[in-house]
Amino acid sequence: ETSQGDAQSSSTGTTSEAAAPTENTKYKEEVVINTGAQVTTLDVQEVSNVAHNRVFKLTHDTLVDLDIDTGKIVPKLAKEWEWLSPTELQLKLRNDVFFHNGEELKASDVVFTFKRAENGKASTGRVSNFVDVVAVDDFTVKITLNKPFVDLLDNMTIPVYSILSEKALIDDPNMGYTVGTGVWKLNEFVSNDYVSFDRFDKYWGELTPTQKLKVKYVPESSVSVISLENGEADLCTDLTSSDAVFVEKNKDLSLVEIDGTTCQFFGFNASKAPWDNKLLRQAVAHAIVKEDIITATENGYGKLATTFWGNSQFGYYDGFGDYEYDLDEAKRLLAEAGYPNGLDLEITVPTGYRVTTAELLQAQLSQIGINVTINEVDSAALTSITNDGTHESFVYGLGFNTAGDDIRRAYSPKSTTNRSHYANDRVIELIDLAVAEFDTDKRLADYKEIQEIAHDEIPVIPLYYQTLFFGTNKNLGGVTWNSTSNTDFSGIYVIEK
Amino acid sequence: MDNHRSKHKSIRTEKETSRQHRNELWYRFKKNKGAMLGLFIIVFLVLVALSADFLLDYKTDVIGQNLKERLQSPSLTHLFGTDELGRDLFFRVIYGARFSISIGVISVSIGLITGTFFGAIAGYFGGYIEEVIMRITDIMSAIPSILLAIAIVTALGASTLNLMIAVGVASIPEFVRITRASVLMVRNQEFIEAARALGVKEWKIIISHVLPNALAPIIVQTTLTTGSSIISASGLSFLGLGVPAPAPEWGSLLSAGRKFIRGYAYLTLFPGMAIMFTVLAFNLMGDGLRDVLDPKLKQ
Amino acid sequence: MLRYILRRIFLMIFVVLGVSFVVFFVINLAPGDVLSKIAPEDATLEEVEALRVELGLDRPIMFRYLDYMKGFVKGDLGKSYITGDDVFKTYMAKLPATLKLAFASIFVSILISIPLGIMAAKNRGSWKDNVSMVAALLGLSMPNFWLGLLLILLFSLKLGWFPTGGAIGFKSLILPAITVGTGLAALLTRTVRSSMLEVIRQDYLRTARAKGVKEKIVINKHAFKNALIPTITIAGTQLTRVLGGAVITETIFAWPGVGRLILDAVYSRDVTMITGCIILKSITISIILLIVDLLYAAVDPRIRAQFAKGGK
Amino acid sequence: MSKENLILEIENLVVNYELEAETVRAVNGISLSLEKGKIVGLVGETGAGKTTTALSILKLIPDPPGIIKNGNISVDGQDIIHASIEEMEVIRGKDVSMIFQDPMTSLNPVFTVGDQIAESIEIHEKISRNEAFKRAGEMLEMVGIPASRATEYPHQFSGGMKQRVVIAIALACNPKLIIADEPTTALDVTIQAQVLSLIKDLIEKNNASMLLITHDLGIVAEICDEVAVMYAGRIVEKGTLEDIFNNTKHPYTEGLFNSLPNIDDRNAILKPIKGLMPDPTNLPRGCSFAPRCDYCTDICEIQPENRMISHTHSVACSAYENPEFSIVRGSK
Amino acid sequence: MKDIILEVKNLKKYFKTPKGMLQAVDDISFSLERGKTLGVVGESGCGKSTTGRTVLRLVEPTSGEIYFEGENIAALSKKALMKKRKDIQMIFQDPFSSLDPRKTVKNIIAEAIVENKMLKDKTAIEKRVLHLMETVGLAERLINAYPHELDGGRRQRVGIARALAVEPKLIVCDEPVSALDVSIQAQILNLLKKLQKEMDLTYIFITHDLSVVNYFSDDIAVMYLGQIVEKAPSEALFDNPRHPYTQALLSAIPVPVIGKKKDRIILKGEISSPINLKDECRFASRCIYADEKCKSKSPVLTEISPNHFVSCYKPLNF
């Protein structure tokens, strides 16, 4: 139920290397990855979230990729590219790429893919600014946009832009989308249970020594860790901090700890009285002890957040100080807003670990006379409540992409991700300006201004960035770790003793 | 034609010192050690639940947080240790008795009252009324009780009352069945016919003759269901549909503690034991009552 | 016999109709709909509304229900809103795991309860009786998920005997089967015990003894076969319960069964999936109950005779 | 009456049911013997201890709570009281077999009647299952049921037929002694007549002996050679048919006769015994019939001795201390 | 002029069963004089109890008329029936299941009084209960006893007291003594006789014990498979049974007199099932005298001598 959204990230990435492999190293034939979130489809254009993206990256490739160390866009299926104009991007494809069905990758496949994307649930919004995609020749594609969009290449590293095979989808309209160019070829997909893959030996890039890969759905996180300790699995994603300890303690395992980009926050419904009053929100901001929340909810792991912006996202700025913990100031603001004796507040919270956060908020806000009730709902209900705008406040999380324009969905008044129903014309104006701005400094200035406004109006109080934990077999390597969906498991291997 | 057996009884129980029926039941109940233990635990828990408000201050003792003392192992200051928000688990378990016992009792009452009502009607009147009631019961039991509970809790919102309703509603079919079966047995006894011959009205026959005699299996079912309701409620907590935080209902405590089950096992141990012993107590008492109330097992 | 089966099938249709109706409406009572799961994160409110119209979810529920039933009559249970998969196929894919778990846990519970129940009944009131009854009750008194986690801690982590989950191989079945089985065992033990107590008093056992039949055979053959009838009843109803609701166990052991499927569908408000699964589930249960009834007939000739008459 | 000629000898049998709170004194020192080839009737009201006596012979008293406190029982010279369970299992069904009162509940509902008859044969004659089953068919024919019905279940039989099956089971291994515990009480008169004549014929044919328990003096008059009348766990009067019916001595026996409506004289007034049987957990001191007895005197405070009236007739009534004493019925 | 209290005409009661129509009572007619006793005998399942119950309309008759004091009970509305009910009462066979185990003797007897609003005052009710208890010979101290504390005989007395409480005119006694021991049986029979004399009661006395019925009844009706096969004054019936079944029945009674062995007529087979009967003499299959005619059409009950009715083509003569 985590809403980490599409994500794409940067500098925190490291590649895990087990003891350097030698000539006669033996590799485990099948590697098993446990995940706590379900995979419901293998169609890259239908869903875009962390759990799915990790799988999509195994079977499919995007045109360009992100170098995690430098933060630069690097070639993938496209060897090189060129902006012909602010609205025209031309890409040259590699000519040694094959799909799992044996077909060679051609420009026509790219055209087909982006055409098909217009109907995909997750992709339709992504290509809504595409005017045209044409195959200039067999290995050259040209994308025409309706207006300048600086973040296009950045975005195109997200799996939702992965290239599909036209032939495969014509042959099999039902399952053809599983055919990609990635190193892993789908073997079996049992929804709600597991996805298994065979290595695709005609892969254009470097092959992993592993023959088979399985991504298994294990809903209960403590069980997932135990199965790692048992050797049933070689890698566990998304551990809780309390489980991470056991991985750390175990000398056969190693723990990967990564600063996440998902910002956990406490948001208000800024369009509904009384919380449309900035003063009230500021008062609350002064009464919260974020450190305590990190301590209790995440056992101390996590990075304090001061701005509602991904911490590896373009434009991130934390130069201004945070609201100080100051109960007197909080009470003063309450009084100024007309509530000297405090008021009631309902926090809607999805079931799960965020409930602890809500409990802490409840205790902290009681200090300034705000009487909190906690409304625990499942995530479907939360979404519909926040869409309808019947809520007062809520606790949730949001994962950001590296592209600066990703902030649009958090602040655009029409976006469903803007659960605060926050609307500020200047913010929208700045977002529009920035995305068409090729001058980096000017762009950064625009984004800084947005964050200053948001910091002052505080429709959401950012709490912290969640630390991500992965547990692995000590001899596991080949994974490019990354804060969110850019973690690339396709090279995964385990050395057998 | 088999009146042989009843004759035996007549001779044996013919006492010049006529012992009262109820005293006799109590006497037999007392002899059942398990049942007495169950009763003892239940009485104790009810007392704890009733006095929890006098013993503890909800705001400070039960939900008051103290992050400095979070996750402390059991000690003299914190008998059961503290949870991740530094709340004293002992106090929470004690206070939780209120929630768990009342969930058990109230949800069972829902099942009991509704189920007995419809079961008695179905059993006594028979015919197409029975057919309709029983088919609806079939439908209700074809919907997994947990799904029913999920639907109710999600539809009405998570609250203690809704949880009780959810668990209670799920137990209705069983009560309908048991009541009906039991009423069917009583319905054909001659004393019902005798009452009818005397001109006693039907509804009065149901209330004063049928139900009292059909009660034994219902009482047993009630105690047993009270136990299983507490378990069901804890299961719903596991699925995130339990009593909303920060109320210390045992199921919620247990389910909240499960992410610490390895490092801080006591967080699940104590609520788990509390549930286990309570349910055990209700079951022991139910079994004891069954032995006492089942006339066939008298000898 | 055939008439009886036909009657049962007729009732099954009735139950299916009722169940589909109730489920369809109950799910719609819950706040939130499937759009919260299928609309992309960055969708706008308008896009969500458009999608709702596209999927026909904006129409009044009665119409949606009728549409659904139209498909149902044609044998089409619809497609999942989430995955787009055929509901029937999805259910059938999960059914084997559920059946495996259900039968394994019934097996486990029978394995425990029959000897325990007989022993308790034979030694009624003795310490053996008390100990086995308390042991049986303990199984019933533990919340399933707690028991499941404890089993994993002990047998998977500490001892490493069994895997933590997944439905691969026989070994993976053992822990979930024990988790579900202990609860059932408690009920069954009690049933076996009380029906044995009932049977032990029967005159026909005295007849058997008077014939010179050995005590062991009196109990294990003459008494047990009779005590089996109520035991089958309870085992049957419990089986149906496991078939519908081992959700918790399935979650803990990552057991890819029907319960989990339904639960996930509920969380995502996948109405077609929920309704379809529950319809299929109630059909599965009806079939199993029918088999259980036929099983009685195998054990009890009196019931066989009733079936033959076509009555109930 | 030489000992060799006795098929059954019970001496001073005492059986108690020891319940949690109380002790039921079901049988209080009865002695009874049965000659080979004879039919002895054991008569008495409900709770007199008839069934308990019968079950003691096979050591089938439910234990707990039943305990044989005292006494000797021997069947054809073989000691029963000290026999082990294994030894008893050989005797049961082979030397001594029993017909129970209620055919509805005495047959196991889940086995075919053929199986139930064959089981006994299989155990005692050590022959194969098939053969035993064939013999079972023959037994059925003998009690007047077509052998083809051996594969049917008890519920497919009527009450009278079930009782015949029970008889067939009892007779399957040609026992020397048959104990019939109210074998026809559950049956209708016309069926009762059928079954009684069947039993009688079979006993004669097999040259067996029978202890017939009943409370119907009419049946006794019809088929028994000797009668013992039981009251509150004791035998109060014992003798040949002639002794008991035409030369009644005990006031209780007299009371029984007076309670019966006379089929030939519909205007005769019934003279019931007043009061009730005493509570077997709390028997009165002395003669247990005393509280209901019209002839009761002070000496009834003492437990009456068994007194031989003739060499076949005995009575346990202290009133006969007085040689003048006679009961109304006896005097007429 | 005879004072006919009850007249039953062409009474039928059929039950639907899975196998077919069960003809429990099939076209019976009889009448009963006030203050007299009609004995009904027959084997198990022949429809005796059903007849008795239908007279009280505890089961609804399928067809037929039941005139009680000139009024057709079968046609009464439920409400009117409620009022009439107390004139006809029933005493049941099983003294255990006919008393509510959870009520004391007092409550059991008083219920009838309270329900029919015969008395309101508590002490008056209690007085009446005590009076009734005395009438049936129950000691005063048993007033608060529960049924299970009583022996069969006393329980049966409670049942009688309950029936008497509403001052009925007709009592249907459904095997009131067959569950009792001989010595107790005689006590109860004497009591019933005494009450009949004192209160001018009319009895329908159902039993399968012929010696009892002979002692107790003025008229006797012998039933076989839902029909009356013979009906006559007791003496006539016993001295001169005309129906082969009655004869067999009488000859089957064991008599407690030695040497009194009659020529026993042992019937073959047993009473057959009352479901979907054919139009033939129902006794034909067991009757030694049966011929083609008996198997082709059912005979009707005819008066062959004054007050002596037989349903047989060849009534026997002795």
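Odds and ends about this structure:
The chains carry the letters A, B, C, D and E, assigned in the order they are written, with residues numbered from 1 in each.
Throughout what follows, a contact is a pair of C-beta atoms (placed from the backbone, for glycine too) under 8 Å apart; a residue touches a chain by one contact, two chains touch by 3 or more.
Because the structure is a prediction, the values reported are computed rather than measured.
The fewest steps needed to get from subunit A to subunit E, moving only between touching chains, is 2.
If you take subunit A and subunit C together, the chains in touch with both are B.
Among the remaining chains, the Cα-based centre furthest from that of subunit D is the centre of A. Subunit B and subunit C have CA centres that are 22 Å apart.
Centre to centre, using the average C-alpha position, subunit A and subunit D are separated by 90 Å.
If you average the CA atoms of subunit A and of subunit B, the two centres end up 46 Å from each other. With each centre defined as the average position of its C-alpha atoms, the distance from subunit C to subunit D rounds to 53 Å. Under the contact definition stated at the top, the residues of subunit B that touch 2 or more other chains are 1, 7, 10-11, 14-15, 154, 258, 261-262. Touching of two or more other chains is recorded for residues 44, 151, 181 of subunit E.
Contacts with at least two other chains are made by residues 222, 377-378, 381 of subunit A. Partner subunit A is touched in their complex by these residues of subunit B: 63-65, 67, 70, 84-85, 154, 157-158, 240-241, 244-246, 258-263.
Contact residues of subunit A toward subunit C in the complex are 1, 3, 5-6, 38, 40-41, 47-49, 121-122, 124-125, 190-194, 216-220, 222-224, 226-227, 229-230, 232, 377-385, 387, 408-409, 412, 414-417. In the complex of the two chains, the subunit B residues touching subunit C come out as 33-34, 135-136, 138-140, 142-148, 150-152, 154-155, 227-228, 231, 234-235, 238-239, 251, 254-255, 258, 261-262, 268, 272, 275-280, 283-284, 287, 290, 294, 296-297, 299.
Partner subunit C is touched in their complex by these residues of subunit D: 55, 58, 60, 85, 89-94, 97-98, 100, 102, 105-112, 116, 119-120, 123-124, 153, 155-156, 166, 169-170.
Contacts from subunit B toward subunit E in the complex involve residues 1, 3, 6-7, 9-11, 13-15, 18-21, 189-191, 193-201, 204, 209, 212-213.
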